[in-house]
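Two complexes follow with chain A in common, the first pairing it with chain B and the second with chain C.
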Partner chain A sequence: MSYIDTIKKLPQVMTPGSSACQGCGGELITRRVMQLAGNNSVFAVPPGCMAGAGVDGWSYQNGCTAPIHITLLDNTASFLSGVSEMYQRKGRGDVNIVAIAGDGATADCGFQSLSGAAERGAKMLYVCYDNEGYMNTGFQRSSTTSLGSRTSTTPAGSAINGKEQNAKYLPLIMSMHNIEYCATASPSHMMDMVGKIKRGLECSKRGFAYLHIFSPCPTGWSFRPDESIDVARRAVRSNIFPLWECERGRYYLSFDNREPITVREFVKSIGKFASLGEAELNALQASTDSRWALIKRLCER
Partner chain B sequence: MSEVKALTGNKCAALGAALCRPDLSAAYPITPQSSVVEQLADMVYSGELDARMVQVESEHSAMSVVQGAAAAGGRVFTATSAQGLALMFEPYFRMSTLRLPMVMAIATREMTSPETIWSGQQDAMSVREAGWIQCFCETNQEILDMILQGYMLTEDPRVLIPVNVCYDGFYSSHLVERVEIPSQAEADAFLPPYSLPAKLDPRTPQALDPMTPGELLMKYRRDHLESMRAALAVIDEVDAKFAAAFGRSYGGCVESYRMEGADLAIVTLGSACGAARDLVDELRAAGVRLGLVKLRFTRPFPAERVKEALAGVKGFAVVDRSVSFGWDAGPMYVETCAALGESLAGKAHFSAIGGLGGADISMAHLRETALRLAGLAAPGRAETLWLMD
Partner chain C sequence: MRHVTPLGNQGMYILDTAAWRVVRPVMDKNRCVNCGICLSLCPVGSIYAEGKQILISYDYCKGCGLCAAECPKQAITMEAEVK
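This part shows the complex of A and B:
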């Protein structure tokens, strides 16, 4: 079955209506992950955009057709490792144990519990939709916010212009935990993303699987909602967000970007980068290039 | 057949937990609790105990892992102390408010700062508004017994509130006493297998804890408070069932020792009750009509039982091993006064604070407390007594 048929035929698990913003990358990712995991799953979605959009349920309404819990912002992986242990104990390892969390709940305050669960090889699929900030609370800076980005806590000021530090590159850190499966994905490359979600679910039966998915945010980043997929594609094509996977220590390039576009082409039309000057763009290009070089070397045979 | 051994309090907590056949325990080591985790690990790794053991990277994750396992329908256990309890506060509060049953041992320890690793009840006392049931043990036998009773209590459909079994760090956790260990068959006959449904199960899909509006949240809080109140009677029932099974009764929420005809009472909790009993015997022999009221449960606070126990006394002192910042007193003194309400009038009373940061509460301290109480002429609150030197 092609990935398009897969998406067409599998029933939706997430409710048809949600209050996510138009053009939300996170919602698209959450829908695909939930659909591919199916109803024989236990989901954990901590506070963040997807919880805010109602996937955990809101007032008296359900947000999905499968069991789901809004974990604490910082305990998604540890909570789910308890759920997972119980399902192993019950002899029901067929149940998919799946986290869908933003970058704050993953790379910042949730990182300790994530790292602990990964190190222990807890059997689950952990998906991070990385929209590079605390978007649900109004786009504050997170550790995955990119260099130079304007956020509500790193404004474009005349003294300091946007975020002064490079983004923490979490997927590589996760792959160094010796986990079953680790991959990056982007909603602009849907066939690749669907394949990685499926592979992640398979690998979660043997150990810890981690997916880091680029999640464009029109509201926070200031671009037109209909440009979301294009922004995601430009992130991949500019090597801002390289696509790769790592299975039991072996790295594979998913998209060999032979003719990359420049970072300048990536940032055009994205408001959060509007005030970047030459020096900052050059710095962002340099850090992008060095990361790409590192990924390429890791993937060399 | 039960077996008699000389055991530390921590070993009793671990053996008690193991006898309850937990599905999973997750814990992080901290002084003075560490040997609880080690004992459980020994039992799991030797195959003696069929349970999952998750060696987490922090207490925050310890409570989170057991929370997940409990939500998935398991009987779970953990143990901690002081800074560990403080670190796990976020999922700790949520465990009780999700109404997930479990038992957690607390080998109580003073809170930093100043830097300390020694005994004190400030840790458990500081979280007494987090919705858990809390009991305090005097002896190592009581620790083991209360773990068994704790599971029966927490899993009772009228309760469904997690239970802390607290005991004094080092004084109880590390000192050795004679303990009767029930056999597995005896424990099984007392405590039925876990039978509560899993909250997170694809066969019965539901959202656990969706965003909840205020009017519904208030209903949940009221239910929680009502179950706390209902637990008072269940605690006594469980105590009676335990007595029928093992021949040991602790008196439920409160134990009165030589309170018949007492004019004066010392109210205290935990291991200090041992010395307090000896002091009561000593002073009774000398003609002082002193008794002991042992607070066994602090949450729910057994207000009626405390009021009854102190009904006939002219004066009482509450000996706390922790402080209530802002009241210039120990927390159980404040709560005992609140429980007495109007019947407080006419009694002389004061708060005595001792045993912080591992300091001893000695016979001399308790004698000083009782004699000061005996010498108080006027009713009302006397100044707080610090049991130092």
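This part shows the complex of A and C:
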């Protein structure tokens, strides 16, 4: 069955009426992950835009049709470790245990519990939708925010011009935990993303599976809502967000980007990069190139 | 009202995101080849299949325009919303 037939056929688990912004990448990712995991799942969605938009059901205006918990910003993976263990002991290993968490809840505040759960091999699929900042509280920078991004805590002004540090490359760090499955994905490459969500769910039956998904945010990054998928596509094609997967210590490229576009082509139309000059764009290009070179060295094909 | 997910007739009150729309996607069925790409990319889950036909529901569509931007056949145009 083609991935589009799969999407057509499976019922939605996330209800309509989500208050996520128009064109939100996070809503698309959350919907897709929930749909593929299905109702025989327990979800955890910590505070952030997706919880704020109501997927946890707290607002009584929307939610989902499966059991879901709003965890704390920093304990999603340890919370689900316990839930997972309980289901294992009850002989209910068939239940999908799934986290859908923002980059702040994953790479920053939640990193200790995430790293612990990964190292223990807790059986779950942990999905991070990476919109590169604390969007729900007003676009503060996070450790995954890319270099030069304008956020509310790294403004573009006379003292600094956007974020001064490089993004922490979390997916590679997660793969170094020797987990069952680790991959990056982007909604612009939906077939690949669907395949990776399915593989992640399978691998979560044996141990820890981690997916890091690029999540365009029109409101926080300042671009038109109808451009979300194009922004994600440009991120992949410029190597800002390379697509790869790692299973049992072996790395594979999912998209061999033979003719990358430049970082300049990626940033055009995205307001959060609007103030960057030559030198800053060159720095972003250099860090993008060096990360791509590292990924290519790691990958077998 | 066509719910993407049945919530039961006593179900929750649902936030009316259709009220956000200033433009609405209109599909030209003479151009559309029912490939389903728009369906796979709509963040709201507002595009559905009926048999082989791909159709747009206006119940919750937020009018973001993603479907129109991504349709390979340019079969969707965004038209001013008339209330």
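Keep this in mind: the second predicted complex is superposed on the first by the 295 of 301 C-alpha atoms of A that agree within 3 Å, B and C clash if a C-alpha of one lies under 4 Å from a C-alpha of the other, contacts with A are read in each partner's own complex, and residues count from 1 in each chain.
Simple rule for what comes next: contacts are C-beta pairs under 8 Å (C-beta built on N, C-alpha and C of every residue); 3 or more make two chains touch, one makes a residue touch a chain.
Not measured: the values here are computed from a predicted model.
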item	value
Which superposed partner A:Val263 touches (first chain B, second chain C, both, neither)	neither
First (chain B), second (chain C), both or neither touched by A:Leu36	neither
Partner chain(s) touched by A:Gly63 [first = chain B, second = chain C, both, neither]	both
First (chain B), second (chain C), both or neither touched by A:Ile4	second
Which superposed partner A:Cys49 touches (first chain B, second chain C, both, neither)	neither
First (chain B), second (chain C), both or neither touched by A:Val95	first
Which superposed partner A:Gly25 touches (first chain B, second chain C, both, neither)	second
A:Met190 touches, of chain B and chain C: first, second, both or neither?	second
First, second, both or neither for A:Phe79, with chain B first and chain C second	first
Chain B/chain C common contact set on chain A	54, 57, 59, 61-65
Chain C to chain A touching residues, read off their complex	3-5, 7, 12-17, 20, 35-37, 39-46, 49, 59-60, 62-66, 68-70, 78
Contact footprint of chain B on chain A as seen in their complex	39-42, 51, 54, 56-59, 61-72, 74-75, 78-90, 95, 112-113, 115-117, 119-120
Footprint of chain C on chain A - complex, ascending	3-5, 7-8, 11-20, 22-25, 27-28, 31, 54, 57, 59-65, 187, 190, 224-230
Chain A-touching residues of chain B, taken from the complex the two chains share	23-24, 26, 52, 54-58, 60-61, 64-74, 76, 90-91, 94, 198-202, 204-213
